[in-house]
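Following: one structure in structure tokens, then a few remarks.
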Amino acid sequence: MDTLNSKEQQEFQKVVEQKQMKDFMRLYSNLVERCFSDCVNDFTSSKLSNKELSCVQKCSEKFLKHSERVGQRFQEQNAAMAQNLGR
Amino acid sequence: MDTLNSKEQQEFQKVVEQKQMKDFMRLYSNLVERCFSDCVNDFTSSKLSNKELSCVQKCSEKFLKHSERVGQRFQEQNAAMAQNLGR
Amino acid sequence: MDTLNSKEQQEFQKVVEQKQMKDFMRLYSNLVERCFSDCVNDFTSSKLSNKELSCVQKCSEKFLKHSERVGQRFQEQNAAMAQNLGR
Amino acid sequence: MSFLGFGGGQPQLSSTQKIQAAEAELDLITDMFNKLVDNCHQKCINKQYNEGGLDKTESNCLDRCVAKYFETNVKVGENMQQFGQGFQPGRQ
Amino acid sequence: MSFLGFGGGQPQLSSTQKIQAAEAELDLITDMFNKLVDNCHQKCINKQYNEGGLDKTESNCLDRCVAKYFETNVKVGENMQQFGQGFQPGRQ
Amino acid sequence: MSFLGFGGGQPQLSSTQKIQAAEAELDLITDMFNKLVDNCHQKCINKQYNEGGLDKTESNCLDRCVAKYFETNVKVGENMQQFGQGFQPGRQ
């Protein structure tokens, strides 16, 4: 982004902030979808069973840890790639 | 939305209307995709067979009824949730 | 689009150009996802094997040819449909 | 570029609304094209990737797949008009 | 229309920010509704399409599916607050 | 933040165009990150959910999955340049 001047960077920053809120919401709703899809399969009742509740909890904990680890590796790879490009 | 003043609500209303058109289009193209994917599997001809046509018709009718029922339950759950939050 | 006047068409053109960049990026990242998903299944190493590399190359070549052919047929069908509507 | 008859002379629309309608139509077509590419890839393309070109079977399948997708698109549009009168998909 | 307490009185926000927050909330709800439709279709609807109506089994399944999806939504929200303190999903 | 060399000194661009290009690049990276999370979840994570933590096998798999995804990204980019000269994906 080093070719944006400071006024352009300020404007871009606003775009980034707006997107971060959307990213967080997408993370949240993807997490609900994934754990519902993987954990909830009994529709003879309209309440989550204890087994389903425990699965949802582990699923979301695991997904957040997963996402954090992938994020760390992503940043490392990204940094390595930027360096290879001579920046 | 009760914390938007009336001028803000007007502006928000415009955003909502624009999104409704997009929602309708997404519904439409998702319906095409779903019924094509579930009903059309013979590619020895370039015309839909009678069996495929009948499947596409029932698939889209069923999806619209499905979507309507889910929408009703969604609104009820949403209203119940809002009440629980003391609004 | 024949009901837009020339000033409206100019403005619409800007929208189209912005979308084309996004379309290209989506094509690119979908291609990566598809070929990764279809070709890479061994995670005992952090380098692509020769077999995986060859698969990724054929997968992306095939996808581009696929996409080009579908695009040609799409335009033909679209033109035929516009003609049927009496335009 | 006119599946659903948008842009077909609605004199009460402002410039902004006409451009938004044209944009929505473009988005619909792009979205349909992307779904077409995905669906016909899934139905017709051999995932073994033994070669980078399309073979005869794949090419024929793709041509018919596009034709059938368009026909499905038209049928679904007709069904939506028939069943979808006053249909409200969950938001009031 | 208030899953996460947005719009709940934040006096320091400008008009534009308040409308953007309302828009983000609307997007979240629309997105949740679309995912609900997809997931409950997958869990409850018979893909044979022998008839166009919903039978009793499908209807009951859908009602319970929506209820369980909402309960899952609440639970995941609680878990995110518990585990997700200071969580940074890959962009700095 | 520069996969494809956007933002790399194009003096003829206006401020708005430069910001749009930066935004498009940010969207590409976000999109890639999201796809990476999904794909590596599918390839590496045990869906039994017997525990909430990542075990050793899962962690190792994830690290390699990210590395291979990046390598695939580079290879596909090279292939697109080679085969995609003048490529027109369906819209003129």
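Each chain carries a letter (A, B, C, D, E and F) given by its place in the written order, and its residues are counted from 1.
Following the convention adopted for this analysis, a residue touches a chain if its C-beta (ideal position, glycine included) is under 8 Å from a C-beta of that chain, and two chains touch if they have at least 3 such contacts.
Predicted, not measured: the structure shown is a model, and the values here were computed from it.
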Length of the shortest touching-chain route, chain A through to chain F: 1
Listed pair (B-E, A-E or A-F) duplicating the C-F contact set, over half by residue number: A-E
Most distant chain from chain E by Cα centroid: C
Inter-centroid spacing, chain E versus chain C (mean Cα positions, whole Å): 30
Centre distance in Å when chain B and chain D are each reduced to the mean of their C-alpha atoms: 16
Inter-centroid spacing, chain B versus chain A (mean Cα positions, whole Å): 25
Sequence positions of chain D contacting 2 or more other chains: 27, 29-30, 33, 37, 63, 65, 67, 89-91
Residues within chain C bordering two or more other chains: 23, 26, 39, 57, 61, 65, 67, 70-71, 74
Residues on chain F engaged by chain C in the complex (per definition of touch): 20-21, 24, 27-28, 31-32, 35, 39, 42-44, 60-61, 63-65, 67-69, 71-73, 75-77, 79-80, 83-84, 87-92
Contact set on chain E toward chain B in their complex: 1-3, 5, 7-9, 15, 18-19, 22-23, 26-27, 29-30, 33-34, 36-37, 40-41, 45, 47, 49-54, 58-59, 62-63, 65-67, 70
Chain C to chain D touching residues, read off their complex: 1-4, 7-8, 11-12, 15-16, 19, 23, 26, 34, 38-39, 55, 57-59, 61-63, 65-67, 69-71, 73-74, 77-78, 81-82, 85, 87
Residues of chain A that touch chain E when the two form their complex: 18, 20-29, 31-33, 35-37, 39-41, 43-48, 52-53, 56-57, 60-61, 64-65, 67-68, 70-72, 74-75
